[in-house]
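If you scroll down you'll find the structure; I have some questions about it.
The first chain written gets the first letter, and so on, giving A, B, C and D; residue counts start at 1 in each chain.
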Amino acid sequence: MGMTGVLRPGHAAIRVLDMKEATHFYGEVLGLIEVGRDSYGRVYYRAWDERDHHSIVLREADSAGIDFFGFKVDSVATLDRLEAETQAYGLKTSRVPAGDLLQTGERVRVEIVSGHTIELYAEKGKANSPQMVDNPPPWNSESERGIAPIRLDHALLYGPDIEKVQDYFVKVLGFYLTEQILMEDGKTQLAIWLACSNKAHDIAFVRHHEPNKLHHVSFLLDTWEKVLRAADIMSMNKISIDMGPTRHGVTRGTTIYAFDPSGNRFETFSGGYQTYPDWDPLTWTWDEVGAAVYYHDRALNPAFLEVVT
Amino acid sequence: MGMTGVLRPGHAAIRVLDMKEATHFYGEVLGLIEVGRDSYGRVYYRAWDERDHHSIVLREADSAGIDFFGFKVDSVATLDRLEAETQAYGLKTSRVPAGDLLQTGERVRVEIVSGHTIELYAEKGKANSPQMVDNPPPWNSESERGIAPIRLDHALLYGPDIEKVQDYFVKVLGFYLTEQILMEDGKTQLAIWLACSNKAHDIAFVRHHEPNKLHHVSFLLDTWEKVLRAADIMSMNKISIDMGPTRHGVTRGTTIYAFDPSGNRFETFSGGYQTYPDWDPLTWTWDEVGAAVYYHDRALNPAFLEVVT
Amino acid sequence: MGMTGVLRPGHAAIRVLDMKEATHFYGEVLGLIEVGRDSYGRVYYRAWDERDHHSIVLREADSAGIDFFGFKVDSVATLDRLEAETQAYGLKTSRVPAGDLLQTGERVRVEIVSGHTIELYAEKGKANSPQMVDNPPPWNSESERGIAPIRLDHALLYGPDIEKVQDYFVKVLGFYLTEQILMEDGKTQLAIWLACSNKAHDIAFVRHHEPNKLHHVSFLLDTWEKVLRAADIMSMNKISIDMGPTRHGVTRGTTIYAFDPSGNRFETFSGGYQTYPDWDPLTWTWDEVGAAVYYHDRALNPAFLEVVT
Amino acid sequence: MGMTGVLRPGHAAIRVLDMKEATHFYGEVLGLIEVGRDSYGRVYYRAWDERDHHSIVLREADSAGIDFFGFKVDSVATLDRLEAETQAYGLKTSRVPAGDLLQTGERVRVEIVSGHTIELYAEKGKANSPQMVDNPPPWNSESERGIAPIRLDHALLYGPDIEKVQDYFVKVLGFYLTEQILMEDGKTQLAIWLACSNKAHDIAFVRHHEPNKLHHVSFLLDTWEKVLRAADIMSMNKISIDMGPTRHGVTRGTTIYAFDPSGNRFETFSGGYQTYPDWDPLTWTWDEVGAAVYYHDRALNPAFLEVVT
């Protein structure tokens, strides 16, 4: 009751081509806090206002992209139940042992039909920031080191069969559809936004012929003024901006899309609305697809549909 | 799973001393949209971005204050279940027939130990704003008529035995404690903030010797700049401001407290954070109670503890 | 002493292809206040916070562009003196009689070497807004009707021989150079920004082979949040955006370039700094020309150099 | 012509009771950049976006307050001329030799009838910040160290005979009156705001029985969001806030008044408008004096009229 089951996006495991470049970017430019490295050479980060041990895990690899995207669930019992229900639904699952990710309990992996690996887990260590719990200030010095997002917010993934992905997230994981863009036929979904919370999106998918692609991992900023500051910092560091600052029609959020040094798109965004599962999903028609994505330009840039990792 | 059970604050029924003054204030200055009047003379409003028929109900009476505060639940089955569980918990309930409030289904009333009347309901008509669902713009002309809050957000109520109130909201209604202020003894709660969502508060209580008192009903604004605009509009309309613009330590929200023409305090606020039930509640100690409430002044004004309706 | 001589940009006379479309745009979308029409069919506007009778004059014509750009000077004596000094400097001047523009005194016209017509005048009627002088509110309902800029701020003009234009504005009119972009040779100016005030620019020029071209007329907004609102309103009205919201490196201003229905570019901007004549001009080198114009993208879009009216 | 004569406020010399406390406050909390100390033990600061060597000079003394407030003029010739005209006007002047203040040329001191010492000077060393002149970024790391105002903006001084002060500033120094508050009689000025630029105030005076008193020295911030950040930093550092965040009716600026550790009031403000000498001064009547000063509360707090140093 209230908020139960799947609680929130908890981690994104991102492949980078050069770890030294990547840690400079994620640590100094994006301004995440490095919280650990593991025996595989993976580097862990959290955003300044997150309460769990980490949310971003970088792995050096020959190709950029996303290894997996994980959600925290409210208990081990829920984890076990969702594993069983996922198997009953017909998707393949596997277990990753506790400790494989630093300070993280057992994870259940699900291969969804878009080709992505979604993880569920119930246990992760707490962030080492007690000053933010007892008489907490509204922000601290970490809030102004680099772009300094508040948290990992969501991911937008590209792959096929997104209507089946939606079916699984809704029927098994308890998500609901908040917005969608329809294609020319007025029926087929080009893109879907799904939430397990009051947020306008905890995960989103765009229909795409190649499976298992990453469009972007998204980080939350506090205000439109912080979006400007983020764009300034990107310019100061010669980060390649794909689009923005602008507004999305979908979610109303104000946004910048840009690329990490490995070519993984990331988003820094602010705003949007809070939503509820009993609300009708907002629906964008094909003639308004430009405004749905880039509200000010009212047209897609080619990179939106084509450049993924 | 995900968001279920109690979804959100759905209505506040406020007593006003003079309906003509009140409708000028709520309709023109606060900028809510009048959506109906009933045979009892009650006047109904919704905020521009709300999806349900109404959220504020005004009733003319000899004393100001709040008649009841209602929460929308996800289904009639949930309503029935929560009624039964409330009775089993030992609180008295009653049913108000469908249609007593315009476009609203049956309501279950609960008399909680702080003396307040809390309502639960599963059905309410939709707002007549289709343009906000299909290819919706991020805002419209109603967003700039008066103060124009986004929605009714929460209420802060004053009464005794708030630890028992918390116990009921947590055990039966599925809320969780997000923040608290402790008294000199380091144990007794002076104030509690409770959520059934990602919001930092859906309802809050302050310990007070008199039962059934209203401290404020709160309305959400989009940004700190809109808080400034709200304060400007209050001044232009000679609305009495109690405090602000300032920031709360609790919830980090930026805020103004002011009074409607009947003396009911209301809040227009922005900001804050999104929270989860697995997080530790933020705790403010007695020596920091000033900063907890008014972060900039670090001291309570006498009205905070004494002026209620 | 203090501020004397040429005080500020006072009017821009813009050619539009269709007056009905134009008045809808300037009056309802941009949100200027129509203050009069004259016997030539010209339509006059002022921005909500301007103190003079008008600042924008529209004339229907077969080609878009700017007829003239005028500056208010502090007295008739100054007007006479500047006319004489302009003639002595070697530029051709002419007089336009009082009343040719509504509520405007005699104007001195100067044909500058870039091909543009610059006007000077000492007398113009006051805006009919007494409520903004006695116990004035910080803003009023006109501030939220359409984009609602604060004022006409400056113009950017394209033409040849801009170093000679600078010489005239500095030596005769008392302007000073605030910023410049240099070409590949490190010497030739690609663009110059000139001020007669504390503003980062009262007029600016870009070197261009065709004379007498308009790049944009610019309107001031209060904040970056108002820039977002302006972009939203442009989208709602399907106004074609050229670039933005973004930041200029030059002046630090945050900005949108867009086109009126006749294809005249206009700018809505906010921010920037206040400057003084004893400061060194800020200088941008050729390798940073992209950042100078569009700070976030760090690259010019082709339209910047090519699309003028 | 254009901007000539007196250009801007250039320095404020403030007396502090304890230099160690003061340097912590001005350097770390307010976030000015320490640029030197002289043989008298005075400590010099500039704000991050200022172009001259320093703007604030602290001197340890037995009483708080202001020693002098200085204006930069455009040339030595102007300095000589203003000295002569001041003497001819009937005010006493004196010369302070070059080098008495670090990197500062000869200063002309004027004892004005309100009891304050006003200085004029033509020469001061440049700030050591070349990176802000060639391909300058819009801000840098100093912009986020402490409150980090953009510049010293103005001072508000308390003393008698302010109509005579106005007469001198207007007739000799070339200032103009931008706003005024009138007393009950509708004629006597309670307060005056004077500008030598486009700024709404370069200096201001309130009528007061004691001569030579400081109400506040004021520092400019970029935005209302930076005003919030300033208030947060004040709270984090337990700086005593007198009033705000709020808006002034006069100048429209958004503001906080607070006290340095010695009890000198300072202001951090943002916003306001740009004004011109040919505009009518804005006039506030006695019944609106509350709104003139504190636009939201519409009432003076007692400290405004009584607490000065």
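Criterion: a contact is a pair of C-beta atoms (placed from the backbone, for glycine too) under 8 Å apart; a residue touches a chain by one contact, two chains touch by 3 or more.
Owing to the predicted nature of the structure, the values given are computational and were not obtained by experimental measurement.
Visitor: State which chains count as neighbours of chain B and simultaneously of chain C.
Guide: Correct list: A, D.
Visitor: Determine the set of chains touching chain A that also touch chain C.
Guide: Under the touch definition, chain A and chain C have B, D as mutual neighbours.
Visitor: Can you tell me which chain lies farthest from chain B, using the average of the Cα atoms as each chain's centre?
Guide: Most distant chain from chain B: C.
Visitor: Report which of A-B and A-D is connected by more C-beta pairs in contact.
Guide: A-B is joined by more C-beta pairs in contact.
Visitor: Let me have the rounded angstrom distance from the C-alpha centre of chain A over to the C-alpha centre of chain B, please.
Guide: The answer is 31 Å.
Visitor: Centroid of chain B to centroid of chain D, CA atoms only: how many Å?
Guide: 43
Visitor: What is the distance, in whole Å, between the centres of chain A and chain D, each centre taken as the mean of its C-alpha atoms?
Guide: The answer is 48 Å.
Visitor: Scan chain D for residues touching two or more other chains and write them down.
Guide: Residues 138, 223-225, 232, 235, 247, 291, 295 of chain D touch two or more partner chains.
Visitor: Applying the document's contact rule, which stretches of chain C touch chain A when the two form their complex?
Guide: Where chain C meets chain A, its residues are 224-225, 228, 231-232, 234-235, 238, 241, 244-247, 254, 256, 291, 295-298.
Visitor: Going by the contact rule set out above, which residues of chain B touch chain A in the complex?
Guide: Of all residues in chain B, those touching chain A are 1-8, 49, 51, 72, 74, 133-136, 138, 150, 173-176, 195-199, 222-224, 247, 249, 252, 271, 273-274, 276-280, 282-285, 288, 291-292, 295.
Visitor: Under the touch definition given earlier, write down the residues of chain B that touch chain C in their complex.
Guide: It comes out as residues 137-139, 144, 223, 225, 232, 235-236.
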